[in-house]
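Consider the two complexes below, in which chain A is the common component and chain B and chain C are the respective partners.
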Partner chain A sequence: MTAIWAIAVITFKEGIRNRAIYGISIFALLLLGANLLISSMIMQEVGKVAVDMALSTVSFAGLLLVLFVGINLMAKDLDKKTIYMVLSRPISRPQYILGKFFGMALLILATISILSIFAIISIFMVKLSYPGYFSRFSWPPILLAISFITISLILLSALTFLFASFSSTSFITLILTIVSYIIGQSIMDVKALVEAPQAVGIQVSPVTVKVVQAAYYIFPNLSIFDIKLQAAHGLPISLSYIFWAVSYGAVYTCLTIILASIIFRRREFP
Partner chain B sequence: MQRVLPIILILLLLPIHVSIISKVTEGKKLLPKGEGTSYVLPPPILKIMALEFDGLASDFLFLQGLVFFGSTSERKERPRLKEWEWRWFYNILNASTGLDPYFFDPYYVAQAHLTWEGNMPRETNTLLEKGSRYRDWEWMLPFYIGFNHFYFLQENEKAAFYLMDASKRQGAPSLLPQLAARLMYKANRTENAIIFLQEMIKRTDDDALKKMYETRLNALKGILFLERATAVYQDRFGRRPERLDDMITKNVIREIPKDPYGGEFYIDKDGTIKTTSELR
Partner chain C sequence: MIKIEGISKEFKEGIGSRKVKALEHLTLEIHKGEVFGFLGPNGAGKSTAIKILINLISPDIGYASIMGKDVSAKDTRRHVGYLPENPYFYDYLTAEELLWFGGRASGLSPSVIKERTNELLNRVNLQAARKRQLRTYSKGMVQRAGIALALIHDPDVVILDEPMSGLDPIGRKMVGDIMMELKAQGKTVFFSSHILTDIERFCNRVGIIVGGKLRLVDRLDNLLSGTATLENIFLKEVEKAGGGIEI
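And now, the complex of A and B:
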């Protein structure tokens, strides 16, 4: 346990020191500033647009973090061969993967927390300028949406470890992660579309339907964690949904990490 | 020399860059555009492409439509928008609400512009019905649908149905059931429209929209005034006036009100008051 914790702390520190994290934060701050500008163009539901902007920014910045900081954290060890030094110590490979993963999860948690504070400030400022246009607005769904974004990012970063455990370069990991992200976010809509294609007047072959249905079970369904729309309109989210969504995230993340450590244990280093 | 040369080059290139940028933007404006296409990707496809950013994509589609519509306000030609442009405007509002059916602004803009100027009350109602289904706490949307049925489509029974639906929702003004009852009588069309409009103005806080509604209200008040005057004329002389000027010469009214849209009021063949501007 101490070994895992030690690796987690090192990973976290290494991530925080990464320059990319500053770039991502500045980018996010700019977007949150743009929130004030864009909200001023809306006539009625200013609150909805402000929340949309803020939550999307947090989510997008988190995605950049996972893709450009997270992947490097493990890839650097593999690319620069520093992994030999780590593995020559009394640490098993699964411990290494777990430690790295916990470090990355900590990094996501810390970054999202800081970004959320800025996001909340930006919503608050819009609310201060247009107090009359926040009719169906409440904070709890927004905080819930941020927590869901965090869960989804942790799940995605678990996937990066799975891909890194067998791919030879970090570039392949990056591509695979991006593809899984896109599939994960759209699989529900795609499934709905191919199962009822007449809605947009297209034809879909039965093979495609089967492929999509198979993908639906294999790839993570990230759209489960997307409750930005509900948060923006202050729509109710049931407790049971929260429970099932969190369970789904936890189970999928565990499965992915376990699979990653199995593959990584069998991996041979040149 | 080696140090000065790059600086000289930069100083030389900067003004060239600035002059080129204006040239090239001008050129870009003159490039042939895909005019005449009102196509917007269908909402299910957009939903897939938007990934997790459905809400944001909806906001941007709406803003895209709004910015386009605003940019046409400088146009001199009449009608201001071409047929396909109205269609595109409708499609983009439809796409925006396809991504986020709870978003109120597209419905609000559709009601303000697509019905009166765009002459698309049926399409607008399809849009508003989607909104009314999702935003089931909102009385304004069925109220708008009712108004469109009554005023543009002249389907008073449907209008009354939607007004009753609106009256059951939270915050609805208490006059809605009465208004619904009034619609059952075919008469008093203009007067009812004025009641509708006054209610819309009360709920509008955007200055430009408010002004637009007020212009309409004034035009309708002018029509109402003339309608009442023709009724008085008929009482007095036993027949309808042939032209509006008849009422001035016979001292029924002192003057004909001005159409705020710049047209002129006249009496149509069927005896109703109309205006050459068609209220646009």
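And now, the complex of A and C:
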């Protein structure tokens, strides 16, 4: 456990000091600052726009963090051979993957926490300026939406470890992660569409249905973590939905990390 | 102390291309307290053999052990210090944090890490730069930080892959002195090099590897007992192996 923690700590430090993280944070802060300006320009459903914009910014900044800082944290180990100094210690390959993953999860938690504070401040300021548009507003769905964004980012980051465990370059890992993210965001809607094509008056071949159904079970269903709309409209989320979404995220993440460890165990570092 | 028995290793040059033999039936034993110099031209298989000892790669056939334990067991590395060739560490960590990691990962307590870090950073002359991020270090400083990292847990076996590369004369002397100290402490040192003077200065025994095959293993004093120089012996072995050398 000490070894896993030691890897997590250096991964977190290496990540948090990376200049890319400052770029992402500044970009996110500018967007959150613009929230006030954009809300004042729209003057319709201001509360919903402000919440949606703040949560989307946090989510997008988190995605950039996973794609451009997270992937690099492991890819650099392989490209620059930093991994030699880690694996020359009494550390097993699964311990290495776990340590790296925990470090990355900590990095996501820390970055999203800081960005969320600014997101909440931006919503609060819009609320102060236009209280009339916030009649159905409540904070708990917003906090829940932020937690769900964090879970989906940790899941996505676990996928980057899986891809990095077998791919030879960080570029392949990046492409596979982006593809998984896009499929993960839309697979539920696509599955619903191909399973009931008559609803929109199209024809779908049985092979396509099978392929989409297979993709539905293989790729993570990231859309279940997207509750920005409910948060913006102040709609309640059932406890059972929260329970199933969190369980799905946890189980998918664990299985992904286990698979990454199994593949990584056999990898050679010539 | 270190035992390599009949190890062979092949690498694929690329997807679908032919295989290249990196090591062929390598058998070697290094005894406790010995400083063993692994000499060979570039691409001879020195680093491949070392990476097998650290379990970074696995042999196709054969067996390797350190202190009687299979090299594939992670606990074997508790007693081994390793410096890779052209080491590269985390850019944004400081030397102090690098050694903290090495110590913690090897199971040392925080107080021992603190003590060893002070001692080693003084020894490799990085005390003043201990809180600087490694990306600001010169190549020689990184190499010296790597040596401190390899020794943080006071290992019984020290494996150094081209430890002198990238070092200026002062750095070379420092590393040489550290190797002599390790020798005096009774540690087992296995180091690879293609610099003959380094081998002559520090080693008890020498192994010459060419084209993945071990050509010669002997005590240095035996080899140099006549009029032969290590350079002559080395060139002769390379020539015998069919690797013509242009002088």
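Heads up, the rule we're going with is that the second predicted complex is superposed on the first by the 263 of 270 C-alpha atoms of A that agree within 3 Å, B and C clash if a C-alpha of one lies under 4 Å from a C-alpha of the other, contacts with A are read in each partner's own complex, and residues count from 1 in each chain.
Criterion: a residue touches a chain if its C-beta (ideal position, glycine included) is under 8 Å from a C-beta of that chain, and two chains touch if they have at least 3 such contacts.
Note that this is a predicted model, so its numbers are computed, not measured.
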item: Which superposed partner A:Glu45 touches (first chain B, second chain C, both, neither); value: first
item: Contacts of A:Ala199 with chain B and chain C, given as first, second, both or neither; value: first
item: First (chain B), second (chain C), both or neither touched by A:Ser147; value: neither
item: Touching partner for A:Leu222 - first (chain B), second (chain C), both, neither; value: first
item: First (chain B), second (chain C), both or neither touched by A:His233; value: first
item: First, second, both or neither for A:Met85, with chain B first and chain C second; value: second
item: Which of chain B and chain C A:Ser167 touches, first, second, both or neither; value: neither
item: Partner with the higher number of touched chain A residues, chain C or chain B; value: B
item: Partner chain C, residues of chain A touching it in the complex; value: 2-3, 5-7, 9-10, 13-14, 17-18, 80-82, 84-92, 95, 268-270
item: Contacting residues of chain B [partner chain A, same complex]; value: 42, 44-45, 47-49, 51-56, 58-59, 63, 66, 100, 102-105, 108-109, 137, 205-206, 209
item: Touching residues (chain side chain C, partner chain A) in the complex; value: 11, 48, 51, 54-58, 74-78, 80, 82, 84, 87-93, 97, 100-102, 104-107, 133, 146, 149
item: Partner chain B, residues of chain A touching it in the complex; value: 38, 41-45, 48-49, 51-53, 55-56, 59-60, 132, 136, 181-182, 185-186, 189-190, 192-193, 199-200, 222-223, 226, 228-229, 232-233, 235
